[in-house]
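The same chain A turns up in both complexes below, where it pairs with chain B and then with chain C.
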Partner chain A sequence: MSTPYAKLPGWVEYGLIPLINLAVAFLVAGLVVLLVGENPLEAAYHLINGAFGRGEYIGFTLYYATTFIFTGLAVAVAFHSGLFNIGGEGQAYVGGIGVALACLWLDQMMPWYVVFPLAIVGSVFFGALWAFLPGWLQARRGSHIVITTIMFNFIASSLMVYLLTRVLKPLGSMAPQTRTFAEGGQLPKLDWLLSIFGLNIGTAPFNISFLLALAAAFAVWVLIWRTRLGYEMRTMGHSPSAARYAGISESRITVVAMMMSGGLAGMMALNPIMGEQFRMQLDFVQGAGFVGIAVALMGRSHPGGIIPAAILFGVLYQGGAEIAFEMPSISRDMIVIIQGLVILFAGALENMFRPAITRVFAARGQRAAALVQTKGA
Partner chain B sequence: MDFLHVLFVLLESTIRVSVPLVFAALAGLFTERAGVFDIGLEGKMLGAAFAAGAAAAVTQSVWVGLVAAVLVSVALSLVHGYASITQRGNQIVSGVAINFIVAGSTVILGEAWFRQGGRTPALAEGARFQTINFPGADAVREIPVLGPVYADLLSGHFLLTYLAFAMVPFSWWILYRTRFGLRLRAVGENPGAVDTAGISVIWLRYRAVICCGILCGFAGAYLSLAMTAGFVKGMTAGKGYIALAALIFAKWRPLNIMFACLLFGFLDALAIRLQGTPLPLIGQVPVQLMQALPYILTVVLLAGFIGKAIPPKAGGVPYVKER
Partner chain C sequence: MDNIAIELRGIDKSFGLVHANRNINLKVGKGTIHGIIGENGAGKSTLMSILYGFYQADRGEILVDGKAVSIRDPNAAISVGIGMVHQHFMLVENFTVLENVMLGAEDSQILNKGIAKARQELKRLEKEYALEVNPDAVIEELPVGLQQRVEILKALYRRADILILDEPTGVLTPPEADHLFRILDQLKAQGKTIILITHKLREIMAVTDEVSVMRRGEMVATRTTRETSVEELAELMVGRRVLLRVEKGESKPGDVKLAVKGLTVRDSRGVTMVDDVSLEVRAGEIVGIAGVAGNGQSELLEAIAGIRKAAFGAVLLNGEPVDVRGHADPAELRERGLAHVPEDRHHVGLVLKFEECENAILGYHHDPRFAKGMFLDVDAIRKDAEEKIAKYDIRPPNARLRTANFSGGNQQKVVLAREMEQDPDVLIIGQPTRGVDVGAIEFIHKRIIEMRDQGKAVLLVSVELDEIRSLSDRILVMFSGRVVGERSPEATEGELGLLMAGVEGRKEAAE
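And now, the complex of A and B:
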């Protein structure tokens, strides 16, 4: 916060600047499409159509969005405490263990509404555990959280390959995945929610964990802006030295914030495992942990911004599949580029257009002030 | 004798897989000692590997490939520099962004230009690096111990391999024995003092970032022009992060970097070698454990259980001139 920028109106700060950054990211992505020799407008058409064209498409869009709300919130909670949790990917992956264990244990005996709460607890526990270690190491041993969480992503990946190929795999099966869960391990779809709007969900795996994601977003808002712990976290995020003078325990906040972040990332595992595949597969996270970084940056770490940002990435994922289908030279990797560009322009270069915008508003403010003066005279 | 033979095969592949790590870790050394954290090593290496593969395939010249690799990598470094030095953005965020942009665009552009599923065309002999055989290597191979050391370990590598190991003392010399190096290290510890001395912090950091780009370019070129004949999508496969781990493991020192990279390379070679074969005493070691070992070791080191890794003091903090 060392850069002195003039204060801007709220709608500019939280609306206009993110939108401009986003627009630039998409413009550059459009240039890449041009470079490949395709029409960006056509790509945009397929993107929108693929994401919203049918009830089924909308279902898929919201299914992806659910995942990204969880990982976005995870990154945001850590951001508020001044921590960069880049390990959402690994925490979500390990969180899957909790989901799988609950399902493997109870799916044949209990209905989903008994298994689901247990799976939530399991996912939060394992996700938080995987974030606890980096948090604790930062708090007590001073190791840099970014590096440790990166390392933990790789360790998680090796660990999960080991577990899925040796431990959790049913006997006699070759595929590195758990057995398919019975009914108790399958979450009900939210077809009724879409049918209110007259939409048919089709085969889309849009499920009840979407509501859990919304609840989590609300809970994060309450936590960060309405509780004492949230206040302490934000204090530490803004100024660690001020927090220290105020008697806030830095190591406690670091560990607690990281565990909450990891727990939220872990909850992401519910959506694909219990909502779509009904088993735990190798690499089920598929980069969602990293998308969370883009989502949190775009949403300015506020749940009210994270939900639309997550939906935008849901659109990219679902619509991107449609682009890949209609325009073979643009594969799904286009999404990865857009994701990177969003992270670059909404994150690292977030202040690039700020001086210009500030100048515009300063000029307007002066003119308005001058106007008031002349009228008064 | 059989054991010795296995050992030599292992050591030879250790050298082969360590080269990109050495280049990339030294690249990271330059920026991080100047106070710019860089987790975009992976992306720069991948971008360079793609540029090298694509340019060499089109022009059939290995040198054009190498130059293209360095240019692309330096360009990516400058993006990182612009974001983190000029715009004072978050350096980690910028590095993450570069990794994603490169991971996506190498596949998209590769597919659009060559239509081989994200690969570049396989390179013919003239378009890739050839191994250099020292005189008399074949003649002395039969001599026990010293023969294979000369013939397999010292001779028979690529030009870039020798360059990588030559870069280790050279980087040390630049950082510890030149004025530029002294200032570079100072700007990573206390940029305010450097600024007070009338030296531009910004320009110095940009130069460090360019050095990083050049070295990452070599790392990428090695992957697609020497180790394999052409670019394959995602071919860095986390090597940039291993290099980052090696850099920290080496406590930001050039000579240690070489040893850390050789250690991590050895673990990699060993993991491939040991696949499925039980070890005496320990029994069968899961491959996944071997693969995770570099990361685990780095975490343990960072936690201060093996010595203490202290990063450059001003690392990650953008410099703001006093007003």
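And now, the complex of A and C:
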């Protein structure tokens, strides 16, 4: 009774159930497409083709996925400590300051491989700083992290408007953005990686921050499951009373976990700023912080689940843009609806089909057991 | 016994590789109290869950009043007249008794009509079965014994003829338990059938007519209670002879290892829970604290362990002061030789979602044996867990299994193994055998005595008076936050009972 659902085989738990949830999400999305009088199959074709049809499309898909891996990991790290960090958006936004400062300072003097590590440090520093404040307020004052991180998103937004219109904008320019970086502030593309598979990257901004994202995913796995700190975080996430008993400081874990979460969110800024636009623009995060919540939910806060979930959302972004382009009656907002449906079915309603599937597998197991018995007899 | 209320035929249930129930046959006579005993993990709870519709049996059938019934969910169980009183109450804490009783059986969309009817019905039930309880009292303000009564009323309100009680006395004081047994007798007299699941042999002997014994998923015997004995039942349960009385030699008290002086603890509302308590525990002795649950024992242990802040007073561990009024750090106290087996293993002593080996280092994860720099030494942790599993006979012997999947007794052994194997100077233990089966109790008691004989100072809190009396070298009785008396373990149950009830203590204090 404490475990309402019987244990399922791993491939069902982590493969079949997410797939079924996804299929239902797309089915319902198809109905929405039908409602606006378009052919859902055609939309599906454009989605898949738009995401995978050419090397360039794949490049875009993985470019978006890179962003979502960072923000997904950020949410997951906090989640393991029992903290719901909704501030990934603001932390990524403020993290951009670190990237921009490193690039503006050194881009004309140093090659990218010198600027990049500094930009990483800068993005982590500023992202962590933006998460430190809510974490500290929670630890010291008991201000709820969900509320404060949401508020900090708004503060971040205003702060960045100020910086990009008053401080970081070059004189005489009318656009709210930094100057364009020289070569030292531009990350190399991963064209060679795609060409291994015989793909041409085209204009896609798929860059080496993808590799950094994979490394970060591995580092998060090590942190959570192989370090003392990760052990303490998980203890607190599962049972704050057991953590107190074990002598684990709740306030320390709260602050540290939030800072790591913010640092990961901040690293997201590397991808668009140094990898695509080569300057910091207003609103460059574009909701990736919030998508990270969905990615972490779908990926069950495990790096091994977050990477495929991030790629899925990359598909939805890239393929979705393609649908909007090819089928004008389907607007950008429709794509958001489809993404919302995926989150709804994969995240919020993830247990909807579980009882039925459990029953099917229980029945199968029994038949198999009966078979063994009759054979034995 | 030709009048059968409920019959199980060939019930079989597996969870994956675990064969929880094997071809179970059981007949329960109408208007009788039928006990079901067995160790934790013997399959009692699974069987009752099948009867109440939480699980479906893989094979076998259930007959109620001679008719085969299919019980797909708890609603179906209620409709054939089966009611259940859970070990952990299923009550809405901030609802009144009346609201709880009618919850889910409101009868009409408009509550007022239903409430009037329910109130009448509740009155009738109270009178018929002598179950007095104020229908307008809020649940969280009622003592545990009365909350349980509400659970029974809930079942009766749904016209249950067969009542299943799952470990009903686990949370009750001895007088409350006696009262419950009188209620059960009353229910029996009114023709209700009662199935009592317990692992306390004494209760079985006191109230049941018949008793069935389960062991490892099988129903191994059914006896008429009058014709059996505690010894026989214990042997049937465990499958071997069990020593029910702990054997221990003289204690040889040494230096004072733990001293508590004038400790006062208040809860978050400012209510004094521990009131000016002083005590000493010497090396090589077991000091038992007896008392009805909720008289400050829990808070006392927590304050000593550094989990709860004290308002006044001092604690000396190995002669050195502990900052109990400020930030006593449980991790630091562990390093100084204090081991703590908390009362609540589910929420405090263990993280149920962790693998067993992860729980085996809880609180000791900074220990160089388990950590290499900032990393955990996973191999060393698993190896250590496996050694403890072998030494403490933890079953199933799988260090990678989720702790929630172990039975209560084995979970407790995980905690005990962790705390005892640290070679502490002082061991404080809360409720060492709550929800633990007979075989494991014997083992745990032996280990506690061993710790004493190795020269550890042991402070033991338990609401089981038998346990306190058989283990302790000295007994302190707590009532309403104060230590109201000290007795030797030879003191009679009656004498201690009066102290626990606060009767004797008040006199002593007055003199």
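Criterion: the second predicted complex is superposed on the first by the 374 of 377 C-alpha atoms of A that agree within 3 Å, B and C clash if a C-alpha of one lies under 4 Å from a C-alpha of the other, contacts with A are read in each partner's own complex, and residues count from 1 in each chain.
Rule of thumb we're sticking to: contacts are C-beta pairs under 8 Å (C-beta built on N, C-alpha and C of every residue); 3 or more make two chains touch, one makes a residue touch a chain.
All values reported here derive from a predicted model rather than from experimental measurement.
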{"item": "Clash-or-fit label for the pair chain B, chain C on chain A", "value": "clash"}
{"item": "First, second, both or neither for A:V99, with chain B first and chain C second", "value": "neither"}
{"item": "Touching partner for A:Q339 - first (chain B), second (chain C), both, neither", "value": "first"}
{"item": "Partner, of chain C and chain B, that touches more residues belonging to chain A", "value": "B"}
{"item": "Touching partner for A:A139 - first (chain B), second (chain C), both, neither", "value": "neither"}
{"item": "Chain B versus chain C as contact partner of A:L22, first or second or both or neither", "value": "neither"}
{"item": "First (chain B), second (chain C), both or neither touched by A:V77", "value": "neither"}
{"item": "Which superposed partner A:R244 touches (first chain B, second chain C, both, neither)", "value": "second"}
{"item": "Doubly contacted residues of chain A, that is, touched by chain B and again by chain C", "value": "2-3"}
{"item": "Chain A to chain B touching residues, read off their complex", "value": "2-4, 32, 35-37, 84, 86, 137, 141-144, 146-148, 150-152, 154-155, 158-159, 161-162, 166, 290, 293, 297, 329-331, 333-341, 343-344, 347-352"}
{"item": "Complex contact set, residues of chain B against chain A", "value": "37, 39, 79, 82-84, 87-94, 96-105, 107-109, 111-112, 238, 241, 244-245, 248, 286, 288-289, 291-292, 295-296, 298-299, 302-304, 309, 311, 318, 320, 323"}
{"item": "Chain C residues touching chain A - in the complex, by the definition given at the top", "value": "14-16, 49, 54, 58, 305-307, 329-334, 340, 342, 344, 347-354, 358, 361-363, 365-366, 371, 374-376, 378, 404"}
{"item": "Of chain A, residues touching chain C in the complex", "value": "1-3, 6-7, 222, 226-229, 231-232, 234-235, 238-239, 241-242, 244-248, 365-366, 369"}
